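Heads up, the next two complexes both have chain A, just with different partners, chain B and then chain C.
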Partner chain A sequence: MSLSSALSIAQSALLSTSRQTSVVTRNVADASNPDYARRTGVVVSTAPGARMVTIQRAVDQQLFRQNIIAISAWSGQSTLAGGLDRLQLAVNGVDNASSASTAIGKLHNALQLYATTPSNPNVGATVVDAAKQAIRSLNDGTQAIQAFRAETDTQIAASVSELNQLLAQFEDVNKTIVSGTRTGSDVSDALDKRDALLKRIAAHVPVTTHMRADNDMVITTTNGITMFETVARPVSFAPSAAYSPGMAGSTVYIDNVPVSGGANEASGKLAGLLQLRDTTGATMQAQLDEIARGLISAFAESAPPLPDAAGLFTWNGAPGVPANLVNGLAGRISVNAAFDPERGGNVTLLRDGGANGAGYVANAAGTASFSDRLIALGDRLDQPMAFSPAAGIAASSSVTAYSASAIGWLDHARQQATTQADTKEALASRTAEALSNATGVNIDAEMSLMLDLEHTYQASARLLTTVDEMLKTLLNAV
Partner chain B sequence: MSLYGMMRTSVSGMAAQSSKLATTADNIANSDTTGYKRASTEFSSMVMPNTGRSYTSGGVTTTVINSISHQGIHKYTTSALDLAVDGNGFFVVQDPGGTKVLTRAGAFVPDGQGRLVNAAGFQLMAYPYGFTPAAGSADYGSLVPVAVPQGEIPAKATTEGAFQGSVPAGATPVPAANLPSANGVTAQSTVSSSLVIYDAQGTQRILDVHFTNTGAGTWEVAVFDRADAAPGGGFPYSSGPLGTANLTFDPVTGAIDPAVAPLSLSLPGGQAVDLDFSRMTETGTQPSVVQNADGYAGSAIEKVEISKDGIVSAIYGNGTIEKLFAIPLAEVPSPDRLTVLPGNVFAANGESGDVSIGLANQKTRGAIISGALENSNVDIAEELTDMIAAQRSYTANSKVFQTGSELMDVLVNLKR
Partner chain C sequence: MKAVSVSSAAISNAMRYSQMRMQVDLVKAQKEMDTGKVADTGLALGARSAQAVNFHRDLDRLNALVDSNALVSARLKSTQDSLGQIVSATQNLVNVLTVAVAGDASDSVTSKSGSTMLQSLSTMLNASMNGEYLFAGTNTDVRPLDDYTSPASPARAAFDAAFLGHFGFSKDDPAAAGISAADIETFMTSVVEPQFMGAGWEANWSSATDQAIVSRIALNETTQTSVSANNEGLRKVAMAATLAFEAFSGNLSAEAKTAVARRAQALAGEAIADLGQLQSQAGIVQNRVSDASARINTQIDLFEKHIIALEGVDPYEAANRVSDLMSHIQTSFALTARIHQLSLLNYLT
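Moving on, here comes the complex of A and B:
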C-alpha cells in the first residue's frame, strides 16, 4: 500500500461517510412525516479503495395493508356517523323538537281537549293549528331529507373527482417506480409517495393491492373491481342537481362496474356517502311518507258503504285515502281547507263529520256536546295499522308509536355508526402507530448513528492529514 | 586517456540521471491522469575492454521501462460510461483517422453521434452483440465504434396475458339468458376485471373480462373489447365477445379441474392474444383477480448499462433491455514492452508480441467495471524519493566531472 492509495481510500471513506450522513439527515428531516419510511445507507465494499453506499427503505407490507384497511373502515364509518348526525338535526331538530312524533303528540292532546269541550270552536281551532304543526314537520322533514341527499350527491361527485385525480397521480408515480426499479435507480421517494397516495385512495374506496414484477402495483377494490393496472381505470359518476322523494341516485362506476354502498357498515368514504344518499335518506323519506299516510287515514271520514275519504289531513289524491306507501306523501300532505277557519272552513266538521258530503255526517242531530267522533279520532291515532316494510320499522303499529319508532330508528343507526366510527378510528390509529414503529424514523437511533458517522469521518480526515504530513516531510527533504 | 574517459563516464552518468529525472517529472505531472502508466528508468553498465593493469571507465546506458501491466487503483464515479478494466486487458480504441490502439483510460462520453469518446479523443471499439471473435486472433475488421442509440424502440404487441386469483365460492348463478356471452341488455357478470394490452403500433386497448357463475363450481369467462362497450360502459357491447371459456373448479380444492387451455383471442386487425386462466381458483367470498400481460408501447432510451462482460445494453423507458455491443479486451504477451503513444494509448510492436482480442471477463483479460476509472499507477512518495536519489547521483557525477576537469587543469599547467 502506497501513500497515494492510502489517500485515495481515506477519500472514499469520507465520501461514503458523507453519503451515510445525508441519509441520516434525510431521516431526521422527515421524522414527523407519517408517509416517510426510514432509509438505511448500506456500505458495500467492492474493491480496495472503493466503497459504495446503497440505500435501503424499510418496508412492512403486512402492517401497511392492515393500515389501509383500517383507514377505509374509519373513513366510511365517520362519513356515515357525521351524515346521520346532520340528518337527525335537520329532520328532527334539537332534542327532537321539530320531529313528527312531537307534533303528533301535541295534536293528540289538542284533540282530547276538544273532546272535553266539543261545543267550543276555539278549542277546535287549536286542533287545526296542531295539525298544521304536524304538517310543517313532515313537509320540512321531506325538504331537509331531499336537500341532504342532493348535498351528499355533490360530495359523491367531489369524492369521485378526487379519486380520479389520485389514480392519475398514482399512474405517474407507479410509472416512475417501475422504470426506476428496472434501471436500478433509487426509487425510495417515489415509493413513499405511492404509499401516501394509496392511503388517500383507501380513504375513498377499500382497496386490495397486488405486486407484479419490477415493483409494479395493481389496485383492485375489495370486491375485485380493477382500479389500477398499468393505467388508471376511470371512476365515473353523473351527479344530479336536485332530488325528489322516490328518485334513485345515479350509480358510481369504477372501471364500468357499479359500486354499491352496502348496508350498515360502510368501508370507504364513497360507500358511506352512497349509503347515506340511497339507503338512509330513502328509508327516512319512506318513514315520513308512512307517517303522513297514517295521519290521513287516521283522520279519514268513514261511513260505510261509502268509500273512506280524506278528513282533516288531505293530499293531492283526495278525497281518496292512500292504501300503500306513496313516495313523497310527506311533502304533499296538507290541512283540508274545509276545516281551516283561516281559509273559511269550519272546525265543527271535525266534531260532526261531513266534510266530504252529507253522507259522512256523524252528528246528524247537530248536538253541540257530541264528542263521540272526536274520541274515536283520538283512539284511531293509537290504533295499529299496516305500514310498508320498505320503511324499515315494525310493519304494524299505531301512527303515534310509528312516529316515535322513526326517531328511535335514526337514533339507533346514529349511535351504532358513531360507536363503529370510534372503534375504527382506534384501529386506524393503532395500525398507523404499529406501521410507524416498524418503518418510521427513530430519532434516538439516528442520533447515535450520527455520532458513529462523525467519529468515522474524523478518523478518515485524520488519516488524510497524517498522509499529508508524511508527504510534506518528504517534500521538505527535496 | 583515463582522465578523458572518467569525464565522459561522468557525463554519461549525468545524462542517465537527467533521463531518470525526466521520467520522474512525467510521472508526477501525470499522477492524476486516468489510465497513465508509470515510466521508470533502469540503468545498465557499459564496460570498456580492460587490460588488467589499468582501468578504463565505461559508462551507463539507460532503458526506459513503462509499468503498463501494473494496475492502478480504481476510483468510483457516478457515470455508467466510465469504464475500468480489472485484469490484464486493454480497451481497443481508434483515433479519428481510424488507427486502432490500446488503452486503459476509460472516461468515455458520447459525442454528437452517440459514439463513446474518451478524454484523449479516442473512440471505443466493440463487436456487435452476439459476435464471437476467434480465439487468439485480433479481428480488427469486425470492430465497430460503440454508439449509444438515440432512437425509440418500436412497440411490441401483446401476445399473452394471464389471470390469477380467486372468484368467490357460493356466488349466485346467473341464468343462461343473462350471461355476458349472450351480450344482451340484461347481461350481468359476477366479477368484472379488465386488462391493458398493446397492439403492434403501441396503442393501448383495454379488454373487459367478465367472470360469471353459471352453477356450482362452473364459471364462464367472456372477453370483450372495451371500445365496443355501450355508452356509459357495460352491456350490450356493439360486437360480440372476442372469446369465451368455461372454467370448472374442483369443489374440494377450489383449483381448476379439468385443466383449461389458454383462451385464444383474435382481435380486430389480426392480433392474436392468449389469455391463461389456469391459475384461477374458487375460494372465499371476496373476489381477488390479478392480471398481467406482455407487450409495451414504444418508448425512448432511458439509459445505457455496461455489464462486467462488457455487454452494452440500452434500457428503454418501458423496461425493455436491448443488448447492443460486446466490448472486447485486447491482450499482448508482454504489456510492459508496448509502445507508448500520446493520449495514454499503447501500440503493439515486435517486442510486446501480437495482440489478441477476446470478450471481456474471460481468461486473464479481466472484467469491465462500469462507473469506475483506473487511476494512474504513480505513487508520489516513490517518485519524490527517486527524485532525491537522482539529484544526489547527478551531483556526485558532476563532482567526478569536476575532479577530472581539475586534474586536467593541473596537467595542462605542468608545461609553463
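Moving on, here comes the complex of A and C:
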C-alpha cells in the first residue's frame, strides 16, 4: 500500500501513455497512406490502478465493400472507354477522316463526276484513286483491329499474371493474419496490407468477400467463382501472339472456371479487356468485312444469265461475288488490276463493263459518253442490300448507309462506356473519400490527443518525482 | 470516440477530383469555343453520329452534284448557241432558196449558199466542249459530221454515186440538162431522201449516236442532256443544203433546178420548225438542270442547318462556360491553399 503502490501506478501510467504516444505517432506518420486504417490505443483497466493498452483498428466493412465494387466498375469501364477511343482513332481517324464511310462518300462523288464526263479517262482515274482510298481504309482498319486485339491479349496476359501475384501475396498475408489472430498479437499492419491487396485485386476482377473465424477471408468473384479460400486459386490464360479476323481469343480461367467478358456492364479490368478483344474487336471486324462485301457486290458486273462477277473491287475469291459474311474480307479486298491504270489496266472498263469477258460489256457500241453504267453504279451504292445480323447493325441498308451506321455503332459504345466510366470514377472517388473519412487519420485530432497524452505524461512524471521526494524526505528523517 | 470524422487525406484530396474534372471540362469548352462544334462529335452524339456522318456525306454529294450540274449547264448552253446559229443560217438558206424558186438568183449564188450552209452546219455540229463533241450523242470522241464540201467526203461520194446510179450519168454531164422536173422529183424522193432520213445518214453522214448523254442532275433524277446530230431537223437542213449545192452546181435544166429549189425550200422551212422544237426541248432540260441546282442549294442550306443543330454549340454559351470554369478553378486553388494552411501544427509551439 501507500507510496510504493502510488509509484507503481504512476509507472504503469507512464508506460500506457508512451504506448499510446507510439500509436499516435504511427497514425500521424501514415496519415497520407490511403490504405492505412486509424489505430486507437484503448486503455483498459484491469487490477486496481493497473492499465493495459489494446490497439484497435478502425474498420467500416460496409464502406470498404462499396469502395471495392466501385473500383471494379470504374476500372472495367475506363478500360473499355480507353480501348474504344483507341480503336476509334485507329480505324476511323480524327473526325472519321480515314473511315470507310468517308472513303465511300468520296468514291461516290468521283463516280458522279465521271458519270458527267465519261469520255475523260483522267476523271475515271480519280474513281480508281478513290476506290484505292476505300481499300486502304478497309485494309488498314482490319490491320488496326487485329493489332489492337493482339495488344489487348497481351494486356490480358499481364493482368492475369498480376492477379496471380496478388493472390499469392494475399495468401501470405492472410496466413499471417489468421495465425496472429489465433495467438492474439497485433495484426493491424497485416490487415492494412490485406485490404490494399483486395483493392488491387478488385481492379482486375469484381470480388465479394466472406469472413470466417480468426479473420480468415474468402474471396469469390461476383459470379461465384472461388478465387481464394485458404490457398490462392490459379488464374490461367494462354495468350495468342497474333490475331486474324474470325479467330477467337483464348479464355481466362479462374480456378478452372471460364470467365466471360460479360454483356454490357464490364466490371473489372479483365472483363473490360475481354469485351474489347472478343465483342468489340470482332464486331467491328465483321462490320468492315460487310462493308467490303457491300462494295464488291455494288461494283460487281452483272449480265444475267451470266453469274455476277467482281468488278472494280475484287478479292481472293474472285470472280465470284461473296454472298455472305466472309471473315477478314476487309483485309483481302483490292482494286481489280484490270481497272487500274498504274498496273496497265483500263479505266474505261468501269464505264463500259466487260472486265470479266465480252459477255459483261454494257456499252456495246463503245461510245465515249456512255454514262448509263456509271449512273447505275452510283445508284447501286445507294441501294439496300442484306447485311449479316452478326455484325450488330440493322440488317438491310445501302453500303453507304451501312458504313455510316458502323461509325454510329462505335460512337454509341464509346459514349456509353465514357459516361459509365465518368460516373463510376465519381463513385469510386466518393466511396474512397467516405472510407478515408471513416477509417483515415485526422492529424489535428491526433495532435490534440498528443497534447492530452503529453499532459498525462507530465502529470505522471510529476507524481513520480513527488513520491520520490516524499520517500527522500522520509529517508532523511530516519 | 468521434461522432463525425474527417480524415486529413480526405481534406487535402477533397478538391483534387473536382479540380481534375473542371480542367478536363475547360479544355473541352475551349475547343468548343474555338470551333463552334462539340469537342468530340462521336461522344456527344453517340449512336446519332451515324446521322451526322450521313448528313456530311450527303452534303458533299450535293455539292458535287451542283458542280457537275454546272458542267451539264455549260454543255446545254453551248448546244443552245449552236442550235441558234444553225437556225439563223437555215433562215438565210430559206431566203436564198425563195429567190431561187422565183428564178431570180444566179445558180452560183444558190449553190454557194448551199455549200456555205453545209460548211457552217458541220462547223456547228462539230462544236466541242471540254473535249467532247456536243452533237455526237454518246460517241463524243468522234467528229459527228465530215465536211461535205471536201472531195474526200463519203457523203458526197455517196450522193454522186446515187446520182450516177439513178440517171446513168453524173450531174455535170451534158445529158443532165435533159432531166425533167418529174424525174428529179422521183430521184429526190426515192434516192436522196433515204440518204438523209433513212439508213444512209448514219452510214455516210453522221457518226453520232441516237442515244443522248444521260446525266444525273439530282440525287434521284437523271435526264438526257445532249442533242444528237441525228435529229430530224438537222438532217433536213443537211438535205436542203446538199440539194441546193449539188443541183445548182450541175448541168440541170432550169425546170429541174426550180423543182429542187422548191423541195429544198420546203425542207429548210420544216427544219426551222423542227429546230425550234429542239431548242425548246433543250431549253426545258436547261431549266430542269437549273431548277435541280436551285433545289439542291436549298437542300444544302437545310443540311447545313441540320448539321449545326446536331454538332454545333452556342459560342456564347461556350465562352461563358470557359470563364465560369476558370473562376471555379481559381476559387478551388485558393481554397486548397487555405486548407493546407489550416493545421493545428501552426498553433503548437
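As a convention for this text, the second predicted complex is superposed on the first by the 475 of 478 C-alpha atoms of A that agree within 3 Å, B and C clash if a C-alpha of one lies under 4 Å from a C-alpha of the other, contacts with A are read in each partner's own complex, and residues count from 1 in each chain.
FYI, a contact is a pair of C-beta atoms (placed from the backbone, for glycine too) under 8 Å apart; a residue touches a chain by one contact, two chains touch by 3 or more.
Since the model is a prediction, treat every value here as computed from it, not as a measurement.
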{"item": "Fit-or-clash call for chain B and chain C when the two complexes are aligned on chain A", "value": "fit"}
{"item": "Partner chain(s) touched by A:V178 [first = chain B, second = chain C, both, neither]", "value": "first"}
{"item": "Which superposed partner A:I68 touches (first chain B, second chain C, both, neither)", "value": "neither"}
{"item": "Contacts of A:A404 with chain B and chain C, given as first, second, both or neither", "value": "second"}
{"item": "Partner with the higher number of touched chain A residues, chain C or chain B", "value": "C"}
{"item": "Partner chain in contact with A:V160 - chain B first, chain C second, else both or neither", "value": "neither"}
{"item": "Which superposed partner A:H412 touches (first chain B, second chain C, both, neither)", "value": "second"}
{"item": "Chain B versus chain C as contact partner of A:N223, first or second or both or neither", "value": "first"}
{"item": "Minimal inter-chain CA distance - chain C and chain B, angstrom", "value": "27"}
{"item": "Overlap of the chain B and chain C footprints on chain A, listed as residue numbers", "value": "none"}
{"item": "Complex contact set, residues of chain A against chain B", "value": "2-5, 8, 12, 46-50, 52, 178-179, 182-184, 208, 210, 212, 214, 218, 220, 222-226, 229-231, 233, 236, 253, 255-257, 470-471, 474-475, 477-478"}
{"item": "Complex contact set, residues of chain A against chain C", "value": "31-34, 38, 88, 95-96, 99, 101-102, 104-106, 108-109, 112-113, 115-120, 365, 367-372, 375, 378, 400-401, 404-405, 407-412, 414-416, 418, 426, 429, 433, 436-445, 447-448, 451"}
{"item": "Residues of chain C touching chain A in the complex", "value": "2, 5-10, 12-14, 17, 41-51, 53-54, 56-57, 60-61, 64-65, 67-68, 71-72, 130-132, 136-142, 209, 211, 213-216, 222, 226, 343-345, 348"}
{"item": "Complex contact set, residues of chain B against chain A", "value": "31, 73-76, 86, 165, 191-196, 204, 206, 208, 226, 229, 232-234, 286-292, 302-303, 305, 315, 317-319, 321, 369, 372, 375, 378-382, 384-385, 387-388, 391"}
